[in-house]
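First chain written, first letter: the chains are A, B, C, D, E and F, and each begins at residue 1.
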Amino acid sequence: MQYPVRVEKPNPVFARALQQAIGGIEGEMRVCLQYLFQAWNSRGPVKYRDMLMNTGTEEIGHIEMLATAVAMNLEGASVSVQEEAANHPIMNAAMGGVSARAEIGSQLARHVLSSGQGAMATDSDGVPFNGSWVVGSGNIAADMYANVMAESTGRLLATRLWEMTDDPGMKDMLSFLIARDTMHQNQWLAVLEELGQDHLPIPNSFPQEQENQDFNYAFFATGMEPQKAPDGRWAKGKSIDGKGQFSFVPQMTPVGEKSTLGPPNPKGHAQVEQMMAYEDATDTSEDD
Amino acid sequence: MQYPVRVEKPNPVFARALQQAIGGIEGEMRVCLQYLFQAWNSRGPVKYRDMLMNTGTEEIGHIEMLATAVAMNLEGASVSVQEEAANHPIMNAAMGGVSARAEIGSQLARHVLSSGQGAMATDSDGVPFNGSWVVGSGNIAADMYANVMAESTGRLLATRLWEMTDDPGMKDMLSFLIARDTMHQNQWLAVLEELGQDHLPIPNSFPQEQENQDFNYAFFATGMEPQKAPDGRWAKGKSIDGKGQFSFVPQMTPVGEKSTLGPPNPKGHAQVEQMMAYEDATDTSEDD
Amino acid sequence: MQYPVRVEKPNPVFARALQQAIGGIEGEMRVCLQYLFQAWNSRGPVKYRDMLMNTGTEEIGHIEMLATAVAMNLEGASVSVQEEAANHPIMNAAMGGVSARAEIGSQLARHVLSSGQGAMATDSDGVPFNGSWVVGSGNIAADMYANVMAESTGRLLATRLWEMTDDPGMKDMLSFLIARDTMHQNQWLAVLEELGQDHLPIPNSFPQEQENQDFNYAFFATGMEPQKAPDGRWAKGKSIDGKGQFSFVPQMTPVGEKSTLGPPNPKGHAQVEQMMAYEDATDTSEDD
Amino acid sequence: MQYPVRVEKPNPVFARALQQAIGGIEGEMRVCLQYLFQAWNSRGPVKYRDMLMNTGTEEIGHIEMLATAVAMNLEGASVSVQEEAANHPIMNAAMGGVSARAEIGSQLARHVLSSGQGAMATDSDGVPFNGSWVVGSGNIAADMYANVMAESTGRLLATRLWEMTDDPGMKDMLSFLIARDTMHQNQWLAVLEELGQDHLPIPNSFPQEQENQDFNYAFFATGMEPQKAPDGRWAKGKSIDGKGQFSFVPQMTPVGEKSTLGPPNPKGHAQVEQMMAYEDATDTSEDD
Amino acid sequence: MQYPVRVEKPNPVFARALQQAIGGIEGEMRVCLQYLFQAWNSRGPVKYRDMLMNTGTEEIGHIEMLATAVAMNLEGASVSVQEEAANHPIMNAAMGGVSARAEIGSQLARHVLSSGQGAMATDSDGVPFNGSWVVGSGNIAADMYANVMAESTGRLLATRLWEMTDDPGMKDMLSFLIARDTMHQNQWLAVLEELGQDHLPIPNSFPQEQENQDFNYAFFATGMEPQKAPDGRWAKGKSIDGKGQFSFVPQMTPVGEKSTLGPPNPKGHAQVEQMMAYEDATDTSEDD
Amino acid sequence: MQYPVRVEKPNPVFARALQQAIGGIEGEMRVCLQYLFQAWNSRGPVKYRDMLMNTGTEEIGHIEMLATAVAMNLEGASVSVQEEAANHPIMNAAMGGVSARAEIGSQLARHVLSSGQGAMATDSDGVPFNGSWVVGSGNIAADMYANVMAESTGRLLATRLWEMTDDPGMKDMLSFLIARDTMHQNQWLAVLEELGQDHLPIPNSFPQEQENQDFNYAFFATGMEPQKAPDGRWAKGKSIDGKGQFSFVPQMTPVGEKSTLGPPNPKGHAQVEQMMAYEDATDTSEDD
C-alpha cells in the first residue's frame, strides 16, 4: 500500500461518499487511465511520455487506497460511533442542520447486495465509471489542461471528503491524497510553462490566419437587450495568448440567414403534409 | 442563424464527422450546458455569472449551426461530387492513402433510420450525449480550467474537421467556430489571470498546512528500477503555485502496509472457505 | 428569470427530487433539446419549425428555474424547518407512514461532493442525462406524439413534486410549470388536429396496401389458453384511423417455422462440437 | 416463429441496420419491456392490464424474428448479390448516389468479433439497449401516449428498413411488422378514445384550478423581436382539451427576478475570491 | 404468476433492494435476454437452442414476480410495520448496528416520481439496465460459463435479499428463486460436462499450436520484488485443461522494447513542439 | 513493453477492431480492473488476493500492448498495403466475399477527430468502457466463474482478431495474448478445483434446506405444448453439484395467482378512471 489506510470508526455512509473518488468523473480511475492512455498514445517529446507513465502508475495505488478505505468503512460499525457522527458539525451543516443519524444506513443496499461490502467501479450514486471521461487528444497542451482540470476537481473533492470525516485515519489518508493533487496540478502546469507562451491558442499548429479575424477576440453579449461592457479582463486589453486585442460586442447580431433545408427524401417517409409544403412553396400561384 | 451555413457539395460522411462537434465530449452541447449550469449555480462575483450566461447562450447558436450543417450534408449529393471528394489529399492521408470513395455512405444508416436525414444528440459514433460531462464544481477556478480544457479540445476538433473538408461553405463556418474557440480559451484564462497568482493550488480555501507536507511537491518515479531525474520543469525549482519547491523521488517506496480486511459478514454469503480462513487465522496455533 | 423562484424553507431532500425534472427522462433538458433538434432538422411546413423553436427556447428558462430551485433548496436549512417537514402528510403517505425525518440528508452526498450545492445534469438518482432521449424522427406526426408523451409524463412529474412540498414558493413555481405543460400538451395535439384525420397510421406516406392485410387491424391474444374477446374499443368496430375494422384473434398461432441457421463460420471459432453438429446433420446415416 | 423469416440474398449491411429495430430506442426490446412493465405495475381497470400483457408477449416474438433475420443476413453472402445491391436505387439515394459497394462490409467488425455472426442487444451503431427507455408512469393516459409514440417511430423505422432492402423475404417480414405497428397505434389510441374527452390534460386527477391560470393556454413567442400571431391551431380558438381558450403572447416577458444565491458553504471549498464577493456585497461602503 | 407473490408487511426500502434483482447486472432481465439471444443466435446442436429458449422464457416469469413484489412493497405501509423492521437484526448488522428506521423512506423518490409506485427497468441505485450485459458469443462453452457466472452472482444476490427481509411472503418467493438458480447453475454446468473434458481452452477450435508455447501455462508474478512460488494449484502440476504443465515465473521480465510511435500527422494538429521533437530526433547533431 | 508489438503493414480498420480488446466487455480493461477490485476487496484466503493482484497487474501490460498496436495501425499506411489486404480471404469471408477495400477507411473518423490517431477507452464501435462490467461479488467462487467467463470470451475475441490479420507482428502479439488467456482460464479453474467439489451451488454458505425443495433440480419446459424429455445431461441423473437428482417437467404450470395490486395513491395522480375502477370493484352492485 502506497500510504497507510486506517479507519478507527467505520462509517458506511462515508464509504459511499468515498466511491466518488474512485469511480466518479473527478475520481482516481479517470486520472489513472487518462495518464496511461496519454502515455501510450504519446507522439512527441519522450520525456512527457515517461512523466505520464510514472504518474499514471502512481494513481493505481490511489485507487487501491480508496478501495481499501471503502471496504474498511463498510465493516461493522457500532452504534456509539454513529451517535458521535450524528453530532459532527460539518455533516450537520451540509445536510441542513438535522441530525446525521438519518444519513446512516442509507444508500448502502448496493454495497451489501452486489459487492459483499467491498468497493465498486462506480461513483457515490452507484453510476458506473464511463470510459468517455478518459481524454487523450493527441495534442499535448490540450491534454495538460485536461489534466489540470482533473486534478483541480479531484483535489476539491478530496478536501470536501476531508471535511466530511473526523476519523483520524481517514483524515490522514486524505491529507496524503490532497498533497499529491497539489503536486499533480503543479506538474501539468509545469509542462505548460515549459511549452512556453506560444502554446496558445491550442492547437498552435493551425495557421491562425485561417480563422475568422473579425470574431476571434471579441466577447459577445447575447441578451435580449444590449449590455454595457463588463468590468472584466476578457473584454478589453491584450488577449491572454498575446496574439490579439479583446473587444466587446454589446449585443450579438446574427449574420447568417434562417436555413432552408430541402424537402424530405420521399423514401424516408415523412408525413405527406411535409412533402406537400414544398410543392406548395414552388407552386407560383400559392404561398404558405 | 448566428453565422452563415452553406454547403456547396453535400457530403454525408462529413455529416457524420460533424456529429462529434455536436454531441461528443468535445462538442458544443457540452460547453453550452456546462456554462449555463455554472451560471445557474454561480455563487460569488456576479460578473462571472453574467459572462457564463452570455457565452452559454452563444453556444446554443453553435449547436444550431452544426445541426443545420449536418442536415445539409445529408441531403442528396451527386456522384460527381463524391468523385471529387475521393481525390482529396487529407482524407487520403487520414485514411491511409486509399481512395476516399470507400468512406462514402458508411456509418450513415442511423441518420437515415432514426432521424430522417437530420442531426442527432450523439457523437460521430452514434453514442448519445452524456450529462456527466457537464462540469460545475462550485469552485470558480476549477470550473475555469474545465472550460479551458473544453475549448482546447473543442478547437482541436474544429481544426481537424476543417482539414477534412474542402467545401468552401463548411470551411467558412468552421473558421468562425475556430475563431470563437480562440476567444473562449482566452476568456476563461482571463478569469484565471484576474483571480491572480494565488488561485493555486485549487481550491485555495483549503488550509494547505493540513495537506501532507512531505509529498506535496515531489515528483514520484514509479518504475521497477530507480530512474534518473527527468530534465523537466516539474522535478526541480520553485513550484508553479509559488508555494513549494519541486523535488524528485527516483523510486517511490510504499509506506503503507498491506491491508487486512476483516472477515466477511456471515449474512453476506461468501463461500465457507473464505470464512474458515479467518477461523484458521485466529486459531492460536497458526498464523498466515 | 422567466418566473419567480422563491424558497421559504430550504429542503435538501426536495432539491434531489427536483433533479428528476431537470435531467430525468421526463425532465426539461429532454424537452428543450427535443424541440430544438426537431426545429433545426425541420423539413416541411415552416410554421411548425418556428413553433418548435419558440417552445424549445422557452424550456431553457424552465431548466434555469429548476436549477435555481435546486441550489436554493440546498442552502442551509434550519432544524425547525425539517421538523415541520417531518409531519407533512404526503411525505408520510409516500414513504409508508414513517417520519419524514429519515429522509432528510439522505442521497445528498453527490451534491455536496461534486457540485458545491448546485444543480447537476442528472436525474434524482444521480444518473446522467442521456442524449438518446432526444427524439427527432423527421416525421412531424411521430414527433408530435413524442412531444405529447414528454409533456404528459412531465406534467405528471410536476404534479407529484407539487404534492411533495408545502413550501409556498415551490408550489407557486410548480403551478407555473404545470400550467405550461397543460399548454404544451394542447399545443402538440393542436398540430395533430391540424394535420387532420388522415395522419394515421404514421407514417401516412407509406403505401398501406404494402403492409400485410391479414394482421393490420387484428388484436392478438397471446396466452397459453384461448381468451374470450375483451370488452374494449380495440377489438371490434372501426379502427381509430378509419381505415380498417378491428378484429380479435383469441389465440395467436405462429405461422413461421423454427428457423435453421447455417453452420458457424470456421474462422469465428465456435466450439468444435457446434460444427460437428452440422456435419452429423448432413450425414445421411445419422440424425440429431 | 410468429411469422416466416426468409432471406434470399444475405446482406451483412442490412443486418446491421436491422439492429436498430431490435435494440434502438424505436425498437422491439423497448416496446416489449414497456408493455410488460406497464402490465406488471398496472393499477386500475383490469382489462388494460390484460391487453398490455398480450401485446408485450407478442413483441417477444418480434424480437425473435428480427434476431433471426440479423443472423441470416450475416451468413455468407456471395459477391454477385452485392453487385446487385450496388445498383439498388434507394440505397443510392440515401447514400448520395454513390455505389452501395462502399457500404458492404463496413461496421460489421463487432458482429464478427463479439457475437459470432449473431444479433446483439444494441442499436445499429452498437450502442447498448438502455433501460431508461422503458416508460411506465403509473398513469394510464400518459402511458398510452408513450405507446403511441413508440409505435409511431417504430412503424416509421420499419418502413425505412422496407425501403432499404429488395430481398423478398425481408420485405415480407417487414410488411408483417409494419401491419402490427398499424394495429398497435390504433390499439393505444382506442384506449384513449375509451377514456374519453376528459383524459386531458394529463394527469386529469390534478385539481386544475391549482395550476397558474394566466399561462395555461397561452402560446409564448420567445424571439428577440416580438412575433406576429402564427397561423396555427395552437394560438387561437378553444383548446384541444376543451378546458380553455388558446391565446398568443408575441414576446414573452420574464416576470421573475435574477436569482441571488447565498454564499458558498465554507466547508465546500469554493475559491476565497468567491466568498469575499459576499463580504464585499454586504459591506455598506462598497458595491460590485 | 409462476409462483405466489405475497407481501405481509410492505417495506418500501426492500422494494428498492429488489430492483437489483430486476435490472441489475446480476438480475433477471439480464439472464432472460441472455438466454433468449443465445437461443436465437444458436448455431450447433439443436437441443441447446431448445434448452436456452425454455429457460429464457421461464425467466420472464421471474421478472414478473419481482416486479409485482416491488409494487406490493411500495404500497402503503403502516408505522407499526416499520417499527418492527427497525428491530430486525440483519438490517442492523448490514447497516452498522444503527436503527433501521433511518433507512426507511430513503432512496424512494424515483419510484414515487417516475413510476407511480411501480417497478422500473433499473438496478437498486436507479441505474438503467444496459444491453451490453447480454452475452451471446457464438461459442457454446463461453456462453455456458457466462451463464454459470450469471446464475452464481444471481443466487448470491437472492440469498442476500433473503437475509434482508423477514416477511414470510418475500422469504417464500425468494426460496423459489434461489432454488431455480440452483437448478440453472447445475444446468449450464451439465452442458459443459456433456461437451467433455476437451472443451478447454475455449475456443477449442483454435489450433493451439499457434499460441505462444512459452507462456501458455506459466503463472506470472508481477511485483517489484521477485516472489516465492504460491502454494496454489495454479502454479504447479498438470493444467486443468490437461494440455500443459503449470509453471511459475517469480518476476515477470518484459521482453518487448519501449514502443516508438511515428510523428503526429501534421493535419491532426498536435502542438508544434511535438512535431519538432521528431525533427530534432532525426537531426544528427542532437539528441533528446 | 511486456512483449514486442510490431506492425509491418499498418491497417486502420484493424486498429478499430483491436479496440474491442481494449474497451469492449470482453476486453483487457475489464479483466484488469476486475482482478484488481477483487483483490482489493478480498476477504478470505490471502493467497487468492495475491494471485488476483499479480494477474490484475499483468493485464495493465496487455492494455498497453493493445493501445500501442492501435496507434501503430493508425499511422500512415500505403496504398499497396491496402491492395494486399483486399485480397485476404478471411476478410472476404467475414464480409461476404466482397473486396476488403470497402472496409478501409471506414469507421475511423473518431480516431482522427478525438484521439489524434491513438487508442481510446472504448470498444470497436466507439462505445465507452463501462464500470458496471467490473464484477467483484465478495464470493470467491462466483468471482472465479466471472473470471473464467471473461477469459473465455476474451480468448475467443483474440482468436477472431488473429484470423482477421495476416500481419506477422500482429499475429505474434496475438499469439502471446491468446496464450495468456489459456493460462488465465486454467488459473481460475484451478482455484475452483482447489475449493473442492462442495463449492456448488454458489454461495455454498446458504443453508440449502431453506431453498424450495420441489424445484431446485427440475428442468422446466415452458412451451405452449408439453415437450418430451430432452436428451441432455441436465434433465436426468445426479445433479452436477452432487446434491440432488435432475428431473424434467414437460410443461411448467404456474402455481401463483394473478396479482392484484392496490389502488393508486391519490397523490400519485393516476387518471381518475384508474381510481374509479377500484371504487366500482368494491361497489357491491357492480363488477368489472
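Observations on the structure shown:
Note that contacts are C-beta pairs under 8 Å (C-beta built on N, C-alpha and C of every residue); 3 or more make two chains touch, one makes a residue touch a chain.
Here the structure is a predicted model, which is why all the values come from computation and not from measurement.
Between the contact lists of chain D and chain F, the overlap consists of A, B, C, E. For D-F, the equivalent interface within A-F, B-F or C-F is the one where over half of the contact pairs agree by residue number, namely B-F.
Per-chain Cα centroids separate chain A from chain D by 29 Å.
Computed from the mean C-alpha positions, the centre of chain E lies at a distance of 8 Å from the centre of chain F. Among all residues of chain B, those that touch two or more other chains are 25-26, 40-41, 43, 47, 68, 71, 76, 93-94, 102-103, 106-107, 112, 114, 116-117, 122, 125-128, 130, 132, 137-139, 141, 156, 159-160, 202-203, 206, 259, 261-262, 264-265, 268-270. Across the complex, chain F meets chain E through its residues 1-5, 25-26, 47, 50-51, 53-55, 57-58, 61, 65, 68, 71-72, 75-76, 112, 116-117, 127, 130, 132-133, 135, 137-139, 141-142, 145-146, 148-149, 152-153, 155-156, 159, 162, 175-176, 178-183, 185-187, 189-191, 193-194, 200-203, 206, 208, 210-223, 227, 230-234, 239-241, 244, 246, 252, 254-259, 261-262, 264-265, 268-270.
Interface residues of chain A facing chain D in the complex, by the touch rule stated above, are 90, 93-94, 156, 159-160, 163, 224, 265, 267-269. Only residues 23, 29, 33, 36-37, 40-41, 43, 60, 63-64, 67-68, 71, 114-122, 128-134, 136-139 of chain C touch chain B when the two sit together in their complex. Contacts from chain A toward chain C in the complex involve residues 13, 16-17, 20, 24-26, 91, 93-100, 102-103, 106-107, 123-127, 157, 160-161, 164, 259, 261-264, 266, 268-275, 277-278, 288. Within the complex, the chain F residues that touch chain B are 10-12, 40-46, 76-79, 81-82, 101-110, 112-114, 122, 125-128, 138-141, 195-196, 199, 202-206.
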